[in-house]
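Note that the chains are named A, B, C and D in the order they appear, and that numbering of residues resets to 1 at the start of each chain.
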Amino acid sequence: MMANGFAPEKPIDSNDEHAEPNVLYSTDPADFRYMAVNVPCQSACPALTNIPAYIRALYESKFGLSYEINRIVNLFPGTLGRICSRPCELKCRHGEPELGKPVNICHIKRAAADFRPLGHAYLSPRFAPSGKRVCIVGSGPAGLAAAHDLAILGFDVTIYEACYEPGGMLRYGIPDFRLPRNVLSEEIQNVLRLGISLKVGVNIGVDISLENLMGDFDAVLVASGCYESMKLGVPGENLPGVLPGLNYVMDIAAGYKQSIGKKVLVTGAGFTAFDCSRLALRLGAEDVSICIRGFEEDLRVTREEILEAKREGIKIRSLSLSKQIVGSSKVEGIEFLRTRPLEKTSGGRRKVEPIEGSEFVIAADTVIVAVGQAPRPIKGPGEKNDRGVLLADRKNFQSSTPGLYVTGDYLTGPTTVIEAIASGRKAAERIAYDLTGRKFTEWAVQIQNFRITDRDRSWDVIPRIEMPTVMPVKNRFRNNEVVEVESGYSSELAHEESKRCYLCYLHYEIDVAKCIYCRYCIDNAPRDCIKLVKQVLLDETGAVKDLVETTRWLDVNAVVIDNSRCIRCGECVRVCPVDCISVSRVELLERPLVQESKA
Amino acid sequence: MSVKRFVIIGNGPAANHAAEALREKSSESKITMFSKDPFRSYRAHLLPDFIAGLIEEEDLYNRPYAHYNEMDITLRLGQRVVNVDFSKRNVILDHKEVVPFDGLIIATGGKPRIPELFQLFGDIMMTLKTPSDARLWIQKLSYVDSVLIIGGDLTSLSLTKALLKLGKRVKFILNEDAFWPVPLNEEIYRAVTGRLEQRGIEIVHCRRIRRITQLEENLLEVETDSELIEVGALGAFFGLVPDVGFLARTGLDIDRGVLVNEFLKTRFSNVYAAGDCAQVYHPVLRDYWISIGHENAIALGRIAASNLAGSHLEVQVEPENILEVGGVKVNTSWWTEF
Amino acid sequence: MPEVDFTVEVCGMAGDGTIAAGGLINEAMSLGGFSVLGFDSYPAEIRGFGRCVTNSRIGSNDIVALGEKTHALISLNDEQSRSRAPFLAEHSLVFFDSNPPAYVSEDNSLLSVLPPGEEVFGMPFGELAVGASGSSRGRNLTALGGFAAVTGTDPNLFRKVIRDKFKSKGEKVVNINVKSFDAGYQYALEKFSDRLKSVFPKIETGHDPQKVTLSGNQAIGMAAIDAGLKLYFGYPITPATPIMEYLAKYLPEHGGRVVQMEDEISSIGAVLGSFYAGARSMTATSGPGFALMTELITHGVMAEIPAVILDAQRGGPATGLPTKTEQSDLHAAVFGGPGDSARIVIAPTNVEECYHFVIRSFQLAEKYQTPVIVLTDFFLDNRVENRPFIRASEGQAASWNVFPDDAFKDRYQRYADTPSGISPRALPGMQGFNFTATGLEHTEKGSPDYSSENHAKMSEKRHRKIRYALKDLEKPAEFFVSDNLDVGVIGWGSTFGSVLEAVEKSRKNGFKVGALKITSLFPYHSETIKAFMAKSRRVLVPELNYEGQLANLIAHLDSKPVERLNFVTGAPIPPSAIQNRIEELLEVVA
Amino acid sequence: MKTPARILADQVNRIQKSGRFSPRSASLPTWCPGCGYFGIHQGLNDCISRLGLPLAEIVTVSGIGCAGRYPFFSNTYGLHTVHGRALPAATGVKLANPNLTVFAVGGDGDGLAIGGGHLPHIARRNIDVNYLLFDNSIYGLTKGQPSPSSPIGTKTKASPYGTVDKPLNATLMALSYGASFVARLFAGDPKGITEALIEGVRNPGFSFFHIYTTCVTFDKNFKTWTHLKEWTHALSQDYNPNDLRRAFNEVLNDDFSLGVIFKRDI
């Protein structure tokens, strides 16, 4: 089940005194810490996607396998390959200052989906049916993720969806020029095919009461996301022409188009704000601005998103805090206060202070408020907050009522798709444990002896291949035809980009007992990745915290490969006179704890 | 170590006057200037004359190398600062050199502004900021006899004069995106286009540019919403934007420029910004403003230096010089001559 | 064509391919028709530490001395190159690696020590090489690419010489290296498009076929072969080793053999042995090895056996400075060894003379039946010149052996006293001329004799023979000599080039200065030298040794004191230093 | 189970405590990175620290060549003599003060060519000097000429058509010269070197260590790391180093068996 992109390796020479069995599984905290530090992309992913493995698989043209390595943990590779927020790329080692730009991890994922063979086989293991029934409220990313895992673990799962099609935010919150519907539907179908029953158009708490559900099922999981558009909380917000961002986007997704005039102001700093603005252009607006209280650097969207938006002609007005929305019969504009930036909060959000008496007004035909969303109140049991929103423990997902669980954005407030998926899966694991008293899977670090790869040094200087987009811009605005702005990699481009991955899940290690300190490896190293070290400092878990380097030959106790600097080029292994450098492949994997029974 | 190490990023009027002021204030300190451009301090406003062949390249430069030796200022040209580590107080250069500082003045000035929509055509569009831009123009003009200028800033106007002197055919697009730094209203539009037409320049009236295609080495086709134009070269003059991209994610407050207070001080101690790259908050205006032009740059440069050396000078503003552009107030001491 | 006088240095850590890069510049430039004088200095250690610098002076007119100010510096290792910054001319071009493997502190960076006004060209040497060839080994070639592009040099010159250099290693290696060069060339063309210069205009006449690019060592090896060398005995020692390597490669084609002996002692022994048997043979060494040889050299003097010993001087004493240049073996060559052992000592002053003098040394050895010592030095051996150069005909290299007349058959006296002091020498195999060569003092017949009369007589004979050799030795050459000079400069060996340039320059400044080139150091033409000294109000002798060994040798020839200018920096004397000294002396004169 | 981090930390801490590198001098060896001499250096240092010999009572003597620099990198008393004359100097040192432990080191050029004449005599006098011959079959410092131990056909710049002389077998020479202790070792096996050195230092007489090593810069064909690793192997289990005949047979039959070849009973 643990597909990792490589055929199993034979152990390296077994008379080696440090010879280990070919595959080891470790749950030592030190190893988890090692993974967190040295495989930055995987640990940056909320769902812990095994990124090096799937990129390697794609490099080997095993598109299906590559897709599966993704799907096993994040379920919707084709979807995420387009709209993921890509926390991994911010951490990619290739993005370090002198190493160029991060690998285009997300779009390689999309390529795996685009090019996976027809009749691609899904490797879904099935556990014996447990006879227990679970109900999930909401078919968004969190709900679907939970449903998928519970079904696999042998539960009988039913999903209730208030809208008429499943997908939640994926379908109603993300415009189709970003995420073509056929891609989405196919991946949702792939979840439902596990025998999950889906009931659409049912609004829990209205059509069916939560109590009844609790009666019919062994457990109920609320994953109904955040559908309440937040308000600016300033005067004039109820004037005609002031639209809540989310509803506006959902209406369009559902097919209702409304006229918004020429001049549109959007407030908000997230993807929704950008969706609203770019949709506005597609509805004929000519002058669209996004108004933010901080500045561009603080926007919670990718650089590419900002660039594309600007290309389409959208302006960004920074350091502007809405004071009130002006207008008599309908909206006429926003009155702003100029702000001064303060320190960022620990959460990385920019705090600002408005400047007294710095008011200024910008005119607008329509104002779209996209300052965030919140969960909706729900009738029924369980402890609520003052707004009537069901509360639950963030770790074990349990509400105050036994058998009633909460997950996804409903639990955490608005986050990203990938976070929601991760949250849904964790909730499923918890429910399964509560209902059966047993753990089905565990996360472990898999360590395998290995040899250096076929990566060529020249691959390290291949420039990052950006996602091709539809140009010139005017071609994006064809009437009643949806144009996906990002046109996707060709398989050749994907293959080329996949070469750029350093494969950080390889671990290089000098056996100090064998080393003769000849520094041949340092002499051949691509950067300062091999160090003359006086001391190795461990943290409380026993993982390397720091290497104390020294230039005094007398103090050199060891020559050490700093895996957080290493780009896995393999030069050192090739040149070592005494073969004291070993390579192992270490991967953070989820593995079954019990004998699985194929369905 | 007792000797203070001051680093100045930039080599424009602000940077040079800052350096000189700093030297006056502290004779002992080590002063290093970095400029990503390979040429020494020059008079930007003379570039069109240079193109027109009225002056020699040498006349552009206003400080001999010897000057820096006399002032004991280390001038390091053609060396790009790519990052600043404000916690370790290091400046990091493109070639991976790490230079420590006790005090820092950011005076990188502006760089030609190219709206994102046009960035695809970046290499087709010619700009004019540095002597090397000028050399490129001179090269180009030896092949082409017609030039389309999308612009509205002063440089574009004085370049247009130069082009006419050289007997080139000039077409001019004056649209809102291009006109800068004052917002383009009907009356200014008529004023400027009128003036230009008298000089025999063909004005192209249009709202937006749809497409630019390079037909051959020296032949471009520009599609506007009103017509199809063929020209030899294309000049883009959307004014300047502060050249501070390299400071992103250093923890410095960057909006249009480096945000500083009325004393030109940034969030970090002993770190100042001056000249076109600074976005100064001013309590009198209750707003930010970016200053444009030689005179301002010099003034700001000297103030930043003095404050770094311990004084407490405040930036002076003449509200009548302040214009609002796309949400930012701009102080345009020289715009008056328009 | 505008006059070109351009000096480029390549500086790096041992192992960066510095020397190779410098060599390619020399080859490419002379291929382009320029006159080149190149010189490398590298550390004794192969790797680990040590700075390598190559200096190439490239000119449209003949170049006789090393460049002093550098107009372009190619830095393959910034920390090492810092030491070169003081030698940079104004507005020189500096090429450096813009993406080195690790971060450098300001204190180790090259750019932090450059004066303002130097033009810096940062290129990711390693990265470009990796991109072109998959390995960063070719970074020295990408650097050359940048140099070629910025200086406006015809890239084909470099492509050609790179091909030639690597062709023995196969097409694949050739292409990889040309690709690395092109990568650098293209990068620089685009990156520095607005800063390209044309330092090296295309010379229409192109390459003069008469011109050969040779190092001193190559010229020496070539000469030995043209002289019909049969046997070479040697022991590796810097800077003489390349001579052995050259001969090892080419001598066999000409029926000769190279034998690497276990040490210098055995080397000189074998040389004497083979000359005794009539074969031309030689050995080349440097100070320390020469010292080992002195005993056997004096044996050659005493037993009147020819030998050719080339002493490539390096910094001394003892192991000294193996890779630095010096002229401090003159006394050892002239006087070294036990007893009154007069021998012939000659010293070429440029690559061309290296060739002609070595050929002449065999003839002198044969005719005068004594060891002939050819003095070169590290600078002369390793410097590369491209000058019009005509090889000697067989006649010019013919044997000068003096064989006994058949009349003397059976009453042959090996050491017969003659007016010239030259005793006809028989070779083993000649019927009726059997004799015994010995290092003991001996009679004309060759039998040991320690009597005072005999020793006095035979010593006088041997010294007369050596004095007589003067008529076959090249006279000192005069340059710009008139009847009364303000300053007369006397130079020898590798230093003379600097002397000539200095004299020319101060003549341009309108001073009455002349030069005398002494190539025959023992015996020497005292009359000519005396006359020159008499014509000069002040006499200046610049030398690369501590107290002036040539000055010591000739000072007694004139009443007025000889001015000495001594450098023991391990580097050649800069012409400017001599010029300054000259002009100082002039002030005293005036 | 062992995790990567822990293995590393354990090893480094062990080394820190062991004082294993006290015999190192403060200066970084100037040998090319990858040079076999680092392995020998390691082996000798470990020997010294394991025997606990006081560094002040050790003298390391050398001649000229890459190996000649050894004393500079060793924290003992050092004596850097001229080319090929290390053994006479070492003899003098030892005879002058028998309490000293003397190591003589040199390359194959220094010890078998110019200095080759000295080996027989120190061996037959059986002076208590421990002589480490670094045998890489090439002249490194003079930039790659053949050495007396280069095999027939060795191509270098000085022998472009291949050498024609038979190589010397230092181990065999030492045996024939009557050395009282003869070991054959490999720079890639520092542990082996240490073991043998410990035994040899204890031997009260001339001890000869013939150490196969490599020149990564000038020998790309013969004694490369790859070859030496492939060729060398330990002496057979039942080997008895006290039997001179067997020693000769061993050396005559096998060029690459490693260990103590001969050890005279006292």
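Methods note: a residue touches a chain if its C-beta (ideal position, glycine included) is under 8 Å from a C-beta of that chain, and two chains touch if they have at least 3 such contacts.
Computed from a prediction, not measured in an experiment: that's the story for all the values here.
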>> So using the touch definition from the top, which pair is joined by more C-beta contacts, B-C or A-D?
In response: A-D
> CA centre of chain B versus CA centre of chain D: separation in Å?
Replying inline: 68
> Could you state the distance in Å from the CA-based centre of chain B to that of chain C?
Replying inline: 56
>> Averaging over Cα atoms per chain, report the distance between chain A and chain D in Å.
In response: 59
>> Averaging over Cα atoms per chain, report the distance between chain A and chain B in Å.
In response: 40
> Tell me, which residues of chain C touch at least two other chains?
Replying inline: 99, 102-103
> By residue number and range, which residues of chain A touch two or more other chains?
Replying inline: 98
>> For chain B, give me the residues that contact two or more of the other chains.
In response: 92, 96
> Each pair of chains that touch: what are they?
Replying inline: A-B, A-C, A-D, B-C, C-D
> In their complex, what parts of chain B are in touch with chain A?
Replying inline: 82-83, 92, 96, 115-117, 119-120, 210-211, 248-249, 253-256, 259, 281, 286-288, 326-327
> Mind pulling up the chain B residues that touch chain C in the complex?
Replying inline: 38, 40, 65, 68-69, 74-79, 92-100, 132, 135-136
> Can you list the residues on chain A that touch chain D in the complex?
Replying inline: 18, 20, 24, 26, 28, 30-31, 34, 447, 507, 509, 511-513, 516-520, 522-523, 533, 535-536, 538, 542-544, 552-554, 556-558, 560, 575, 577-579, 584, 586
>> With touch defined as at the start, can you tell me which chain C residues reach chain D in the complex?
In response: 15, 44-50, 235-238, 241, 244-245, 248-249, 252, 258, 260, 262-263, 288, 318-319
>> Per the contact definition, I'd like the list of chain D residues that touch chain A in the complex.
In response: 1-9, 11-13, 15-16, 21, 24-28, 31, 33-36, 38-39, 41-42, 187-188, 190, 214, 216, 225, 229
